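Shared between the two complexes below is chain A, which pairs with chain B and chain C, respectively.
After this line comes the complex of A and B, so read on.
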């Protein structure tokens, strides 16, 4: 891939060379100058291209290679791994974990984003009112987003502990019965979703807030003159004008949430059973979760995840490009 | 906002008629309840952080009491003593890996961004596109590829390998942030340097980089934070050797002595220190980093 890009400056001149030969003597020197500039430009870019090829493209290709062969730990040592085509993918589709993993991935992503976005939006509108301390408080909201995920995840695990967790303590003090957040199949997924929403709110808040800053205050003043109340102003002005930013926020959220691994792994390891197993967790479980790794099916699951992430990724780029025009 | 300020005074609506623009100037007692509400929201949001600190100070004997102690009245520093005794090497590795990632990220991404922003390379658009797509690839998958490669090369469980892997989180981001920033540097500045006889490289190091200080801070900050927080690469590529990171230190704690939440939370508090410092010292860079790339304007 890099070759075609690097060769482009070289490849371009032949197409235009007849015109250069026929032109006045100034032209070739301009052309040479242009070519020298291109060479300089690419000399600056070369490290990053090499970097991408070695550390992105190659691992990804390796990953596809893993998925279409039958790799075992032995394979790494003696270098033999028979080509099996799509057998790993078929095995993954037929695996009893596939259904729950798909369902959990969709639920985890969908519910997380719905809450992160609506809470983030409400908070952005609230903090935009610029009351005393508003900017300080808004800055504090960034804390959950900046903490290492393992820190947040382990804190939530302890808060959600069945016997000694503070959440169950609050529930029982209000007369409810404690919930086995992390150890019961019907609550595990909800538990990790709650933690993930908490982590994602700051990101939504900050981006939507910056979107609000770009809406002209004149529109609100005009609406006020027309007697619009706060509710109407939000739904008739803020919400429609924030649609482009909202689309970007949600799509980025999708891409990020599909990737989420740390939180679930630390809180539940995808369990109990596979009650909170998503594709990212499943892939890791297969590849690194046991003493006998199944790299090939793990890579197959991983490739499925890439495809889903890229679909949303390209959607994001399309929306962004449309907005730029 | 500037539109409001430049409006002729007469065009302003009567006080009270506008609720959207008024709060900018009206910071009187009428907004007190909003401040109170804001404090409440922030308190709820930061409760887990408070709880982490609280548990890190709770003695082991009270750890399982019901109801849990809401305030650290009998504060103990046992957890922190354990951190100092057991986790210092992990913290050192994380610091080393974080700083290494910063250096590698800036060294690779700043020159490329300079070229993309100012030298109009052919194929630059394609490269930017690839960089955005690269950010979307799940880490777990990159880790799998790296594992296979590192196993063959025999560089598993080494800080250097982890630095390279961690930098993959930050390099695409770095190029995009630097490009956005450097595009804003006036061309006149570069032409002036050229007239003075500076080479392109010299222009980059002596003119462009110093002017781009802010974006260097933003990129370094995120590169460090991501490397410091990384768990996926640490647990896959670096879980065996002597140089393990603090995230793995916490993870081992959770796995091994499941009861000792006092020490686990103390480690978590210590592991949160860089994030806290950065938020206090460099808050505006953080906000800039979150929004950059997501919202174009």
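After this line comes the complex of A and C, so read on.
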């Protein structure tokens, strides 16, 4: 490195400056070298920093700013919204929608994850047997993941239609009474959870399946020799050894499910009433649901969601760090 | 120039920065603003909620022709209706509003409240020919913010075959009880009664309003006994099976699809479905929505207003106003409204429309009886009231609350929101 520097004429000390002492290794001062290196380093980082600031930091800060001011359409235009501190958050907490929305968000996320994970795990173990056509079938199971959400959510809402849906026509042909999936306050949340579980299974299946492939077959052979049955093999070998992969799958699933919006919006619009309104839906309803946008409370709800997601994000980082050790 | 490794590195970094900053500035110069060029020439921007019309459509050609007549080039962009409101607000915040903006009428009061629109006095636009009830949707505090390009409203489409099978004479349906009797007869015959859109959005309120106003209720008081009677009417229909349960989640499009199956006796729907019903094989008729005690109920007016957003350079208004008056001239408005299946906003244009197409006659009457949603000087209070109203409709139709409780809760929330 130092060789190239010496070859450059401009790297020599400027005429006016005190000459470098005739110490044996002729090189620029430490300070100068450090600065040049740093500048280059910064130049390399700059695009990434700019990207992060423009697309992550600025919107986040703007969102917090929206939530702590009282924006009306007029003050949104001329930028004179007064600072109101936490008033929007207080209003959101006191809103009659808050309780149901919190309950729905927790139920939607919790139940979705529980079923997505257990069904995904069961399917992963099933496909790991490597029977004929297993890879074809496994590929078919990915379809829900590949479909655009608008397609799958619309299809579900047709299937669950009270009067002309295929699900109700099956139920009635077996002598049952049809269920108002999307239009009764008792069933609407269950209906969107079912659709969301269906969409989330492939994600769990793929990750858990790849986790299974990392478990050495020797262990299973040894267990077979010791006389373990299939059930014992699953609970004593597969499940414990899959723990790290499972933790990541569940945490990622939590973050994805918390922010689910499209499925619910397309199927029920959060209705009837508030029956299937989650935080994501509520935030959208406040901000864009009527012709008069209500940006500040919408941003407050959005911030709550971000905080919840952030907690799980940190949890994810912790788990990952633990596993790396 | 000799590239030593170090120099190469610095050079690469420089190139990186240069491209990154070029990309960023590229974004900011490509905005949709129409503020360049002098007033009497150059490019004028025009936004509308008709993404279905492309560059080769008659609508785009008309817009461009009106621009040419005013001596400028008009650049038209069509956005999705729900998208256009937020686009217009954002553009206003950035100070690059389009020169002309065609928006859905309930949005006019919102944009006017934000100070984004000029009123007709400022642009010296005459609105004297326009029917008062249509124009009212664009008026706030005595000022008019734009010119309606056309209006649409709701009425009841009926299926002649089903009604005659059930022995119902549509001409005798004049009030709520005769309509409910007709539905009972249709149901007894094994057919389906009526379909409408009770979805939890503005569409739900739009569809409920004719019944709400037809009961004599007023938007200031959501829990009046008249209001309760209107919501009870809908709720009873659903509970008795006269209307399918799916109405709770129906948009106007899905409810229309139900009617097009040919199984339904009635559908509450709009002028814009006229072309579709003609193409279907359904033998249809149209009656106006009855009020509680007889007569036609006032239905809400739909349709867009052609507005002139505020610009930094007020010299641009003269040309924008020229384009506006060209697009709303009788000849042009008739051809536009025929394409959109709208009713024209002026008497002269309405007469011309009916002369061309006698099927429009009941719709012209219906529009004459109609009422703007933001009228009665409700302005920006309307969206807040409407939101509570559609929630009450949802809660009552789905059985989670009685009509009375649902409306009481809605009134409390609306009063708090409009305080």
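In this section, the second predicted complex is superposed on the first by the 280 of 325 C-alpha atoms of A that agree within 3 Å, B and C clash if a C-alpha of one lies under 4 Å from a C-alpha of the other, contacts with A are read in each partner's own complex, and residues count from 1 in each chain.
We adopt the following convention: contacts are C-beta pairs under 8 Å (C-beta built on N, C-alpha and C of every residue); 3 or more make two chains touch, one makes a residue touch a chain.
Keep in mind that this is a model prediction, so the values were computed, not measured.
Counted by residues of chain A touched, the larger count belongs to B, out of chain B and chain C. Of the two partner chains, chain C is the only one that A:162 touches; chain B does not reach it. Once the two complexes are laid over each other on the shared chain, residue contacts for A:288 go to chain B and to chain C alike. When the shared chain is aligned, chain B and chain C each come close enough to touch A:44. Of the two partner chains, chain C is the only one that A:273 touches; chain B does not reach it. By the touch criterion defined above, A:182 reaches chain C but does not reach chain B. When the two complexes are laid over each other on chain A, chain A has residues 5, 8, 40, 44, 47, 76, 157, 163-164, 288 in contact with both chain B and chain C. Contact residues on chain A toward chain C in their complex (touch as defined above): 1, 4-5, 7-8, 36, 39-40, 43-44, 46-47, 50, 54, 72-74, 76-79, 96, 157, 161-164, 180, 182-185, 268-275, 288-293. Chain A contributes residues 5, 8-9, 12, 37-38, 40-42, 44-45, 47-49, 51-52, 55-56, 58-63, 66, 71, 76, 123, 126-127, 129-134, 137, 139-152, 154-159, 163-166, 169, 173, 198, 201-203, 206-207, 210-211, 213-214, 216-218, 220-221, 223-225, 230, 233, 245, 248-249, 252, 255, 258-259, 261-262, 265-266, 280, 283-284, 287-288, 295, 298-299, 302-303, 305-306, 309-310, 312-314, 317, 320, 323-324 to its touches with chain B in the complex.
Those residues of chain B whose C-beta lies close enough to touch chain A in the complex are 1, 3-4, 7, 12-13, 17-21, 23-24, 27, 31-32, 34-35, 37-39, 41-42, 45-46, 48-49, 51-52, 55, 63-68, 70, 107-109, 111-112, 114-116, 119-124, 126-127, 129-142, 144-149, 151-152, 164-165, 167-168, 171, 175, 200, 204, 225, 228-229, 231-232, 235-236, 247, 250-251, 254, 261, 264-265, 268, 271-272, 275-276, 278-279, 283, 286-287, 290-291, 294-297. If you check the complex, the residues on chain C that touch chain A are 4-6, 9-10, 13-14, 16-17, 20, 24, 82, 85-86, 89, 92-93, 104, 106-107, 110-111, 113-116, 199-202, 244-246, 248-249, 258, 380, 383-384, 386-387, 391, 394-395, 397-401, 409, 413.
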